[in-house]
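Pasting the structures here.
In what comes next, chain A is part of two complexes: it sits with chain B in the first one and with chain C in the second one.
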Partner chain A sequence: MSAGFHIAVCGSLVPDPLQTLEPVDTPAGPGLKSEMMLPAVLDPWAAHALYEAAHLAKNTGDSKVWLVSLGPKARLQQLMMNIAQKVPFELVALDGPAGGFSDAYEVAAALAGAVEKIDGLDRPRLLLFGGRSSASRDAGVTLQMVGERLGITDQFLAVDKLTVQDDGSLRVLERVEGGVYQASVCEGPPAVLAWSTGELPEPPNNPQVGMQNMRAIMPALQQAQPAAVSAAGITYRNVEVPRQRRDTKIVKDVPAEEIAREIVEWLRS
Partner chain B sequence: MSEVAADRQSMEVDIVCVGFGPATGGFLITLSRAMQDPALQPHLQSKAMPGMPLQVVCYERADDIGFGVSGVVTRARGIRASFHDLEPGEIPMAHDVSHEKVVWLKDPIGASRRPGGVKGLDAAMASLRLLGKGGPHAVELPYIPDFMKKDDGLLLSIGQFNQWVGSLLMSSGLVQIWPGMPVAEPLVDDDRVVGVRLLDQGTDLRGDPTEAYMPGMDVRAALTVVGDGPVGPVGRKLDEHFGMPEDHHQRDWAVGMKMVVDLPTDCPLEPGTVFHTIGYPEPEIFGFFYVYPGNVASLGIFVPSWFDSPVRTSYRYLQHWMLHPYVWRYLEGGTLRSWGAKTLQESGRRGEPHLVGDGYARIGEGSGSTNVLTGSGVDEAWTTGVQLAEGVIELLKQDKPFTRANLEAAYVQRRRESWVERGARIAEKARDGFQKGFLAGFIGMGLSGLSRGRINISGPAKRPYEPVPSLQQYYDGKLQVDEIERIRQAAAAAGTSLHDALMEAAGWPAISYDGKLLISHQDALLLGGKVQAPAGYPDHVVFLYPSVCEACETKLCIEICSGEAITPGEGGVPQFDREKCIHCGACFWSCTQPREDDPERTVLEFGAGAGGLHSAEN
Partner chain C sequence: MSAVKPDTARTPQLATLPGDDVRQIMWRFADRYDLQMLVQSSRAVARGPVARLVADGARNTHEWTEEKATLLEAYDAAGITSVFIDPEYGGFIEGPKNLAMGLAAFELAWVDGGAATGAMAGHLGLSPIHEKGTADQKAEYMRRFAPAQPGEDRTIERSAFALTEPIPYVGVDTGVLGGKVSVKEWKKGEEPILHVEKRGRFITNMAFANFVSAAVDSGDERIEGSCMIILEANDPGIYDRGTPTKKLVHQLSATSDPVFSLDVPASRIIGGYTVKDGVIIPNYNHGEIIDSVFRRTRVTVGLMTAAKLLSAVEPVIRYQRGRFRGGDSDHPGSPRHELGLQQKEDALHRLVDIWATGEASASLGFAAARLFDELDPMDHRRDEIFKAHGIPEGRKAIRALTEWTDRALEYVRLAARPEEERDGARFQELEANELIQYLVKDALANVLCPAAKLWNTGHGANMMREAVSLMGGYGVTEDCPGFLPQKWMDAQLEATYEGPEAVQRRQLSVTMTSPIFLARFEEWLKELRAIAGLRPGSGACTLASAMDLWLWTLRHLLGARDADGAPLYKGHRQGVTFPMADALCWLLASRYQIMDLIELETVGADNPSLAEALPGFVNFFTDLSHVQAAAAGGEVARICSSLVFGYNRHPSWTTESDRAYSARELTVLENVMPGLCSCATDAFDEDGDAPLKRGPCVRFDGYEPFTLRRAKLDGCLSGSRLAKDAAAQALTEVVVPEALDYPG
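Moving on, here comes the complex of A and B:
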């Protein structure tokens, strides 16, 4: 590769998965109880995409990473405190809802518009990254629509591994059913890669990365454009979060077979 | 380790803050406002990065700036001075205080330890019941002394308050706050503090480097602001290095354990209702109940270091307190939203360390700002942060360095002349009486408060471990020695703490779980505290001298542990599971084994660590 990649990672906040989520009706449609009070983290699917993007950029000279985030500006600010020390990126912020009940079509339109407006982004070198299930209530459609709007036809929607081959082509492993991978090769960018889990652990916090990122993040947040994203036209018949059932038991020195037997019994019950 | 040391990165800023709580919030709000003032901007320029505004960073251990703190009722004098037109509705869960009560709780089950004096108080309170309300098992006191009143104040969730302050700071774009970044220690160069060292990442539990090792960065700064709370590692290492001022010591502590609860829909309590309880489950344990908007309450107990039980526990007593008929009538049918605990430094002004030195200043609870008479700490902490910021701005305007003398004049003098200091002096001896027993302490607090500190039941403060009796002494008359030994052996074999079995043998009824509010300790930890421990950090609780722990009969660290993170270990040395630790720090001051070379310190080391609670509603 004579020139590196320009990687736009679409990713935004979700409530910290450890919080108790309770759906409620709001004037704007379904929402979560006390949503603005819930601590937020970067959507774990998108987080994998961001770490993979940073890793790829680090190992491919002349590359750059943008994080394109749609969310309430105040909450994006808090999110940045948690992720800006992880990897270098430049933030593109869109001020709008990120509550999980938006229309994926509208979200995709807003994100595509933001990517198109990135100053200095070289479209032939673009890799569009994101989480496979992000901003779509697990339907896995949003990043695909962003790619379509940007005219990118090479799309990989359950990526676990990306290898840049010697000739510049991209070898992609996608997760398919049955615990096997589908291997694909495309000539190179532009391409859409919606990530499953990737292979990288969460990077440690690096204060220097944080200082460097934050100099550009704050102006980006201040300049965040409002994004007209809603769920207008969508009717939610019913909203519920996955049921949780917990039984806690503390045991020691129990054989794995016994633990497995108990789990099966518990599931059957 | 020379190769590793060579890899340690360093960064220069102008001001580095340790810990993001109310004190640091007050400091950063005041400083960032000055940085936005065109008249002051020429003075607030960076020396670390010439051409840039002052470079100010703050590192916080918890994974978010709103995690792991507490609900409070406060007069909010200093907070309102910073936000003149503050409307509580701006801050989630905040509300003006509307009703305030102090309630004496009688023992409805006969298991509470009530010496003669307390029984006398029970009788005296019973006669007061003719004047007030409370039902058969409680007395709502008809009078609240002025020094305790907070009826003009605010109810706050400090988690939400911190988030609100943090968002104001972030939107200014002038200061950086980094949660999830523990600070290991101050950098001290020839008695001058020159910054801080962040905690190493990528280590095993013993702190040894793994393949992912990244040495904690040195963050060098002209001024280090230490606001890391009562058990913060930076403040304590400064105390170890510089010592405490003469006659000052930190010997009074408490752990506050609390829940945030969705009250039952038919609960009659209005937002802004506050009640404080005394008398039960043990006389030494105080309770609090604050009603937020939205039919939500923050409630819990304080278990002090002068409660001399060798099986001191918070969780079990919290459940008995909640089940007291006076409290349970409001809670029955409610659901747990959040749970947590934290240590309070209750020595007040007597626990004040050296507030400043060359290159550093101390603010907040760890600086001894809590008023132990009025039970107020957040507002005082906030105000000390504001005072330091005002002093720093003054020094920057005069282009003076952050020396001990300059910080004394600019910050400490402000603090000495303020209401914080005046209140702290009145309160200085207010709790001394508790060293002699509950009744003496109760009367002493009243005398100190009513006489504005002129009359006190005073006396020397014992180190926290000194009054702790043996199990046999504590349960004398209630349990036979052989029964205690049987319970001890059963607990050791099961790998559990002792307090549940001992309390039940001594008459406390078993807790009948309802799965919503009355739940196991581990379920409270996981459902309410949502505790996390990121990988790659060392254990922050270390048993320094295993042979001492082996020989220790009390092992109060196990009993008091708020998360059941410390449990009996093989060979008699407790074992620590950092994935359950909520960083409350109660083990640190409850250890009963002093070090041979320093009786003010014990053999349990509580260092810098990552993770902890993940609830922002506390």
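Moving on, here comes the complex of A and C:
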């Protein structure tokens, strides 16, 4: 049996965090004002997961990465023009809403179904990656439910570091309160790893990687299956942007120590 | 195809700033994912390492520092270095690359023009080899310029372009070159060794260039004419990179004044050479090479300034809205808090003008880039195409092309007619002919290239000053968001390098009288009238009237003489030809802006992610087009009127005129015929003297075709101010991000 991993990363687009977000009521429930028009990025938590997945695959022979994305097809295509240049992966696209107000249960069902249908996926070697949270709405439960549907019970939901040990077991550091980690070891795949921030920086764009990826991504987008995902049956009593947490401060010429000091002060306050 | 109605309800409004999906459609690369990825990778470099360097004050030094040098690696990693390279040599973009380079430069210049120039200068250095180099030269230097391929262990070699002197075809000291090439050693049966003496001035990339494409003149009777030649850093002799130029602008590009005194083999002559009667005859003189290079790269420069204007919109809006926040009189929720300076019409109108100019210049620049992508395959086979059609070389070609020019004109006319109304077989025949296609595209390219360079950078620099002024005192500080003052200063260099404004005007004054171009221009005029029927709010009617006025004026000037009987439209009469070139640029930019608007409306409808936003974008861009068309109309009217009448001598007082009145007479007549006083009449006071403030008045006999057109254009400005009001209103409502996406 090959030692490599088959890594399915679940992640989709969210509005660029710098955009001004304003909740509005739509006929389909709550939404964001002009959401379809706002520039989008790959959900930052999912992005960490993707970069970690690519790093792991690169360093573990015979591994492969899929990015499983549920979102409006045309918007996913725009997203791919950037993300596809970062790391090698294959896209599994589901054409559906990517807003923050979909029912996590339905989203999980669609994602699990898509993972099950991946051609050539070796389930015993599967590592299911994703974000521990989402920048669009912090339900924090989707990946857990995808794992359940796929029958994966080894789940780690705040991962910052994954080490493949010599015996093939996985050592996982999960973020817990007070800046400490919970260390776990599991025998190996299959496992669910929902990433916090990981340890890797955003890879630079590489158009050669992008051109290679796009050969498979464009057909995947064209063949994206519609996913019936909604928020039917869910009533939102109130929707608001956590404005206090979105105060943006642009600084320059400020030493890292000074920035760190400000952050510590803010945390203490 | 839907139409914008004259009474277009101003809803839905512009909801957000236009994103990539809008731009991809307007600038015609929605089906090119290679270009879309290039945009993203260039943007990441621009708004990442480039912006950080600018914010950290890296522009405050003239020297090429280690910090600045890190940009080269960023360009390499992002594929910007290899944009210019064909896939066979390690690049990733197939086919012509003018649009690709334009997009990359646009993204870099969005943050810093010097970074864009530095990134593009390597391509400029390689361009002579790409355009006219021998197969061996291409293979050698393209490969060395390209990033290392898998399995290769080497570093990328950089290039520079050393010309500095005026180029041919512009009427200013044509052919004068500072550099000389002579034969140092020529052993029988062996490659001659040449000696090159060259001093460069203002040469970009010289701080690190491994090889240079240098223009040199013959300094030896055994070498004919001029040529371009490749110099390498390890050639025997002096390869002095020179001292850094003390530029006030573009400090993120490495510029210096190098000195070369080198021995190189004759095989370095770009494009190769032949030997006849003991004389080395370069296959291409330096003028031929430079012409083929600059006609492409100048478009890229024009797009850089366009990017600056469009990049100014977001920081200005944010500054305007937040101007009063935090003050004692500030109350959240009040108009003063929400709108700030946007409560003032002037601030909004001026920003509308900046945005409209940015749109028009981008439309013109990208149209030119796309045209060169179409022209390139034929241009590279020009000699072959000419030969296949029996066109001789040199001056004889002009005569031989006359017949083909007539066919090209016929093609232009047929192409503009509806399919069902034209002779399909004849059209197909003409369309299939490569020479005709070459002549048609070449005639347009010869106009669009200098127009984009001239108008985008020159007028763009003026409008960048407007943008800076909208930031108040903030606008002249290093802290100004969006680096606007730096962009303003940089724009002046963009208006200067690769041929200053006078050079572009000179070229336009020649190329814009091409019969093929003028035929195209006439067809555009008709096309705009048709567009105006469907989209009266777009300014198409205004623009058509302005084009009509310009065309009449040009034809008039071509045959007219001044008060002393001297012909007006002559090369040396730059007071005539240059303003007409300027006026044409306004028209072209406005025309392409309207065409991009139509593209967005028609193609955008098929993009599901734009479905909700499209009407708002179309409404807003319609208003911007109208504003810009009116501005173009105003410029054209002013210029044409001054040229048509300005060279006639002003009339003197005469009592014999059949239109002379006494002032009292005129007052009485005015009561009977209101408005008479405004007619062209001469009036005298009671003593028969000429009053100080009235007349003598000019007469318009023979100028009726002009005055009718001018009056029509004035009337065609109807609605343009309403469009500006509507666009201004949209600026108060559009959602902008909370902060710039780069540390500016």
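One rule holds in what follows: the second predicted complex is superposed on the first by the 239 of 269 C-alpha atoms of A that agree within 3 Å, B and C clash if a C-alpha of one lies under 4 Å from a C-alpha of the other, contacts with A are read in each partner's own complex, and residues count from 1 in each chain.
Criterion: a contact is a pair of C-beta atoms (placed from the backbone, for glycine too) under 8 Å apart; a residue touches a chain by one contact, two chains touch by 3 or more.
Model, not experiment: these values are computed from the prediction.
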item	value
Clash or fit, chain B versus chain C on superposed chain A	clash
First (chain B), second (chain C), both or neither touched by A:59	neither
Contacts of A:72 with chain B and chain C, given as first, second, both or neither	second
Touching partner for A:253 - first (chain B), second (chain C), both, neither	second
Chain B versus chain C as contact partner of A:82, first or second or both or neither	both
First (chain B), second (chain C), both or neither touched by A:222	first
Which superposed partner A:182 touches (first chain B, second chain C, both, neither)	neither
Touched partner set for A:169, first chain B, second chain C, both or neither	neither
Chain B region in steric overlap with chain C, selected from 4-12, 112-120, 130-138 or 472-480	4-12
Interface residues of chain A shared between complexes with chain B and chain C	16, 18-20, 34, 36-39, 74, 78, 81-82, 85, 204-208, 210-211, 214, 218, 246, 248, 250, 252
Parts of chain A lying in touch with chain C, wherever the complex brings them together	16, 18-20, 22, 33-34, 36-39, 72-75, 78, 81-82, 84-85, 204-208, 210-211, 214, 218, 246, 248, 250, 252-253
Interface residues, chain C side, partner chain A - complex	15-16, 19-21, 33-34, 36-41, 44-45, 55-57, 74, 77-79, 82, 92, 607-613, 735-741, 743
Chain B partner contacts - residues on chain A that touch it in the complex	16, 18-20, 34, 36-39, 74, 77-78, 80-82, 85, 201, 204-208, 210-211, 214, 218-219, 221-222, 246, 248, 250, 252
List of chain B residues in touch with chain A within their complex	9, 11, 57, 59, 63-67, 92-93, 160, 163, 166-167, 170-171, 173, 176-181, 198, 201-202, 212, 214, 217, 219, 337, 495, 520, 522-523, 526-527, 530, 532, 536, 614-617
